[in-house]
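Chain nomenclature is as follows: A, B, C and D, assigned in order of appearance, with residue numbering initiated at 1 for each chain independently.
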Amino acid sequence: MIDLSVDFGFIKLKNPVLAASGTFGYGIEFSPFIDLNKLGGFVVKGLYYSPRPGNPPQRLVETPSGLINAIGLQGIGVKKFAEDILPQLRKYQTAIIVNVCGETEEEYAKVVDFLNKEDGVSLYEINISCPNVKKGGLCPAQNPESTYSVVHLVKEVSARPVITKLSPNVTDIVEIALSAQEAGSDAISLVNTFLAMAIDVETRRPKLANTLGGLSGPAIKPLALRMVYQVVKHLNIPVIGIGGIMTDQDALEFLIAGARAVQVGTANFVDPEATLKIIQDIQRYCELNKINRIEDIIGTLNE
Amino acid sequence: MIDLSVDFGFIKLKNPVLAASGTFGYGIEFSPFIDLNKLGGFVVKGLYYSPRPGNPPQRLVETPSGLINAIGLQGIGVKKFAEDILPQLRKYQTAIIVNVCGETEEEYAKVVDFLNKEDGVSLYEINISCPNVKKGGLCPAQNPESTYSVVHLVKEVSARPVITKLSPNVTDIVEIALSAQEAGSDAISLVNTFLAMAIDVETRRPKLANTLGGLSGPAIKPLALRMVYQVVKHLNIPVIGIGGIMTDQDALEFLIAGARAVQVGTANFVDPEATLKIIQDIQRYCELNKINRIEDIIGTLNE
Amino acid sequence: MFDILKDPHALITHKEHWKDYYLFTLESPIIASRAQPGQFIMVRVSSLPYPLLRRPFSIHSVGGKKIEIFFQKSGVGTSLLSNKITGDFMDIIGPLGKGFSWSQHSKTQDIVLIGGGRGIAPLYFLAQKLHSVGAAPKIFYGGNTKDDIPLKEKFEQKGFEIYCSTDDGSFGFRGLITDCFKDQLKNLTPKQIFACGPEPMMKAIYQVAVRKGIPAEFSLESVMGCGFGACWGCVKKIKTKEGTEWIKICEEGPVFSSFEIVWEEQEK
Amino acid sequence: MFDILKDPHALITHKEHWKDYYLFTLESPIIASRAQPGQFIMVRVSSLPYPLLRRPFSIHSVGGKKIEIFFQKSGVGTSLLSNKITGDFMDIIGPLGKGFSWSQHSKTQDIVLIGGGRGIAPLYFLAQKLHSVGAAPKIFYGGNTKDDIPLKEKFEQKGFEIYCSTDDGSFGFRGLITDCFKDQLKNLTPKQIFACGPEPMMKAIYQVAVRKGIPAEFSLESVMGCGFGACWGCVKKIKTKEGTEWIKICEEGPVFSSFEIVWEEQEK
C-alpha cells in the first residue's frame, strides 16, 4: 500500500489533493459525484462576515484553455454558513478548510473569530486577494506590508492553523510569501487567479459585467508552477500548489517542485470527479515508479 | 477603401499589425510565405551588441494553448546584423523595428549608438526584460527606477523614436509604463512573455534546460489585454498590444481596449501567414461594421 | 440535486441534421429515467483543455433508455460536437436544474408552447409529457428562415397543432413568432404558456402573458461554468422573498415563471 | 529556403495503419516536386489553440503529385492526426530542412540505411531515390516488437534487402538493430551509412562508423516551434568552423554527418 498522506506538522492530510476555494461550492455540491471522505481536504467558497450579492452577470468567460471569472465572491456570510452548511460538513472525515475573506483587515479577523467557536473546521485559508474597499480596491496580497498586517492580525485571533493564499499578480512572489511566513502563517497556498479581461468585438463591451476578472485553468499552470518553484526555495513552512491542475501529471509537477499538497480548482467544473481521479492516478504513478510514500516525491526536482 | 493606417505621431504605419520580436526571425524567414511590404511593420529578433550563443536545448515546451521558450536570445550581434541582414531588409517598404537588448544599461546604448549610423531601421524597441547580469539577473522592466534609467539613457543616444517593451511580470504595470513615458519613451509595447516553468514527471527534471522560460500564445491573451487596458488609461503615448494574438478578433480586442497597434508573436510559428490574414480579416470586420478608418475603432471600449 | 449523475459513456445511437441543427439520440438509462421537461445536461465536448468547459443542452426528448438533444452549431464547442458520429460516446452530466411545471387542469386547457430557433429544444419533451397526461398543447415555432424550423414535421407527426413563422416569410407566418402568437390569440384562450428562445422573444411573450394574466414559464440561458451549482457563474436576477437576488439558474432554473424573472437590459 | 511552401489543402488520398503506426498519402503537388530525402514537413494538427504548434514529420516517400508521411501515435498531436480520414485536408509546410547527401559512387557501393521504430520514416524515400540512381541500399529496421516494424513488407516489395531486429525477439534478430548491423558487418563493407532513430541507437552507429571510417549521416529530432528557421527553438550542438554552436536543425539539418554532430548527454 502506498502511503499518500502528507504531514504539515499541524495537520496530517490523507493525501495531497484538496479542492480549491470557489470551485467546489460548499463541498456538498460534489457529493452526488464523489465520496468527499476520499479527499485530502477541501476549501469552501470564500466567506465574508456578511452575505454578499456578488457581481452582475456575465460572470464567466471561457478563454483558450482558461476561464475568467468575476463572481464577486457572492456568498451567504459566515453566520448562515455556520447554521446551514457546517452541520452538513461535520460528518465528513477530511480536512475542511474555510476560505476567509474581508473588505478590511478587521473583517478577516471577525470571520475567524466567529468560526473559532464552531466545530468542524480544520483550518483557515485567508484569501488576501480580496479587494480592500478602504484602500481603493487594492488587495493585501499585492504588497508585503499589507500581507504581513492581515496575516498577523488573523494569527492573533485564530484558534486554528492558518494558510495564507497568495495572489500571482505581483513582481516578486517570494517577497510576499516571506512576509506571510514572518507574520506567522502556518502554510502558504498559491496561486489565486490572474487578473484578466476579454472584450466582445461586436458590442465593443467587456465580456464581463465587472470588466476585469480572474483567469484560472490549464492556461495558467506554467506560471503557477514557476511561482511555487520560486517560493519553496525560500520558505520553511509548507506550500500548497494551485493553478490549472487537471491531471495527476499536473499535480505531480507541483509536488516535485516542492509543494506539499495541491488544490484542484477549475477542473472540478469540467469533471466533478477530477480530484478523485487525480488521487487514483497519483497512486498509480507511485506504483509504477516504485515510490512507497508520496512524501518521497515532494521537492525532488532534479535540476 | 478602408483606411487601415495608424498614426503614431512620429511614424505612420500602413496598418496596425506588426510582427513581434523573436517570433519573426530577421523578417526574411517569412518572405517565402508573405509579402513583407503588406505588414504594418515587423520587429526583428532581439539584438545584443555582441553575438550570443543562447541557451542549451530543450528550449521550447508546449503548454495548454501556450508555448514556453528559453531561447536565451541567441543572436548574431549588431555588427553582423548590420552587415548581413540589414542590406536585405532595406528593400522593404514597411516599418523595420530593431529589438534592442543589453546585459547592462550601457549595452543598450551601444546597440542603439551603433545602429544610429545604419540606414533602414525605422524605430527601436527596447527589450527591458533582458536579465541584467550586473544586477543579479533582475530585468529593468520589473522596477520603475531601472526602467526609467535604461529608457532615459537610450533616449539620450537614440537618433530614432523609441518603443519600450514592458514585462508583464510586475505588480503594477501602470507604474512601469508611466516610468517609461516619463523617461521619454515615444511609445510602449506590452507584453513580453510571462515567467513560466514545466517539469517532466518521469525524469523529474525541468523540461527546459534553463529551468525557467517565457510563456506566450493564446493562453496569455486575457492577461495581456487586461494590462493594455490598464495602461492606456494613464498614458498619453501610443501603446502597442502584444500577447496571444492569433486572429483579427484578438487584434481587435486590443485595438478596442486602446492599443494603437498590435504585434503578432507565437501565431507566426503556427501559421506564417497569420499577420496577413489578420490584416485582411480586420479589413473585412471594418467593411461589415461600416468603419472607414481603423482609427475609429481604437479605444472605443464601451464600459 | 442528489439525482444528478455523471455518465461518461452516453452512447450516440442516432444522429440527424438539417443545415446547422443537429439531433443526437443518446443512450443513458439513468438520466433518461430521471429527466423532467426543462431540465438539461452538461456535455463535455472535448477531452483536451480547449474548449475547457462543458456545454449545456436541454433534454429534447426521452424514450426508454434514451434521451435526445437538439442543438445548433454556433461556436467551437457545438462544432466539435457536431462532428461526433453514431457509436461515439459522450460524457454528460444530468439531469440538471428544475424544469417546467404545469397545472393539474392542463388536460382540459389550452396550453401554448413557444420556441424560437434552437429554443424549441426543451419544448418537445414538454409536449411529449403534456401529451402523455392527456393535454394537447399548441406549438408556436419561429425562425429566421425556413431552415431554422427543422423540427416542424417532428411535431406534426406526433399530431401536435403547430404554428410556424419565419422572419423572412420563407415559411408560415411572416414575422416574429411572438406576432404570430399574438395574432392567434383571437382564436385561443391559453391558460398556460411555456417559452424558450432569444431574450427579446421571451420578454415580448412575458408582456403579453402579464397583460392577459396568463401564467407563463420561461427557460433561460446563461454561461455556465459547472451546471450543478458549484461556480455561481450562471446567475440571473430573480425575485425572492427578500427582494431580488442573483440566483443560480442551473440549480433554481433554468425555468422560471413570469413572476420570478426580472426582465431588464443585460447588466453591465 | 525560398522553395518552402505552405499548402493548406494537402488532400489525404490514402490512409493505412498498423496498431499505433500510420501511413498517410497526401496530394501536394508542389511540395512533392521539390522534396528531397531527409526533408520534412510541418503539419498543423488542429485549427484550435490546442495543440498549438505544428508537428514535424519526415517525408516518407514521393510519387507524382503525392507525398507520404509515416508516423507513430505518441501524444496529443499525433493522436488527433491519426483521426483524420481519407478526403480530409491537411495544412502542411514544406519541404523543410536539408536532406541526406550521397556520393556519386553510390551505385556500385554497399550503402546501409538503419532505422529504429518510426525513424524508418525518412529512409524509405532515401531508398527510393538511391534505387532510382541505380544503387541497392541494404535496410536495417529495428523495433521493440514485431508490431514496431510494420514497413518491412513495403521495403521487401520494392526488392530491398532488409534485416530486421526486435528487442523481444518476436521477429528477426533478437536485440538492438545496431547489434544486428554490427553482426552483419562481417558480410558487408558499407561505404555510406544513413540512420534515423532514437539517440542511443544513432550514437552507437556513430561509434561503429567512426571506428570503421565509414561516412555516416543522421537525421536528428528536436522540439520545433516553427520548422523554418524563425524561432531558434530546435538547436543542437554542431561543430562549425569556429568550434561548436547551437545550430537550428530545421534549417541546417535535420540531417548531419558524423563529423558535425556533438554527441553528448542532453544538455541541462
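Rule of thumb we're sticking to: contacts are C-beta pairs under 8 Å (C-beta built on N, C-alpha and C of every residue); 3 or more make two chains touch, one makes a residue touch a chain.
For clarity, every value in this text was computed on a predicted model and none was experimentally measured.
Q: Please identify which chain has its centre, taken as the mean of its CA atoms, farthest from the centre of chain B.
A: C
Q: Round to the nearest whole Å and give the separation of the Cα centres of chain A and chain B.
A: Roughly 34 Å, centre to centre.
Q: Provide the C-alpha centroid distance between chain A and chain C, rounded to the nearest whole angstrom.
A: Once rounded, the distance between the two centres reads 36 Å.
Q: From the C-alpha centre of chain C to that of chain D, how far is it in Å?
A: That pair's centroid distance is 54 Å.
Q: What positions in chain D touch 2 or more of the other chains?
A: As it turns out, chain D has residues touching two or more other chains at 49-51, 268.
Q: Where in chain B do residues touch at least two different other chains?
A: 61, 64-66, 205, 217-219, 303
Q: Using the contact definition from the top, classify how the chains connect: line, ring, star, complete or other.
A: complete
Q: Going by the contact rule at the top, pick out the chain A residues touching chain D in the complex.
A: 64-65, 303
Q: Hey, which residues of chain B end up touching chain A in the complex?
A: Residues of chain B touching chain A: 61, 63-66, 68, 142-143, 169-172, 194-199, 201, 203-206, 211-212, 215, 217-223, 225-226, 229, 244, 249, 252-253, 256-257, 285, 297, 300-303.
Q: Where on chain B does chain D make contact in their complex?
A: Chain B residues touching chain D: 22-25, 29-33, 45, 53-54, 56-62, 64-67, 69, 71, 74, 205, 209, 217-219, 246, 266, 268-273.
Q: Please name which positions on chain D make contact with chain A in the complex.
A: Result: residues 49-50, 268 of chain D touch chain A.
Q: Under the definition above, what is the set of chain C residues touching chain A in their complex?
A: Counting only chain C, the residues touching chain A are 1-6, 44, 49-54, 93, 222-226, 228-237, 245-246, 266-268.
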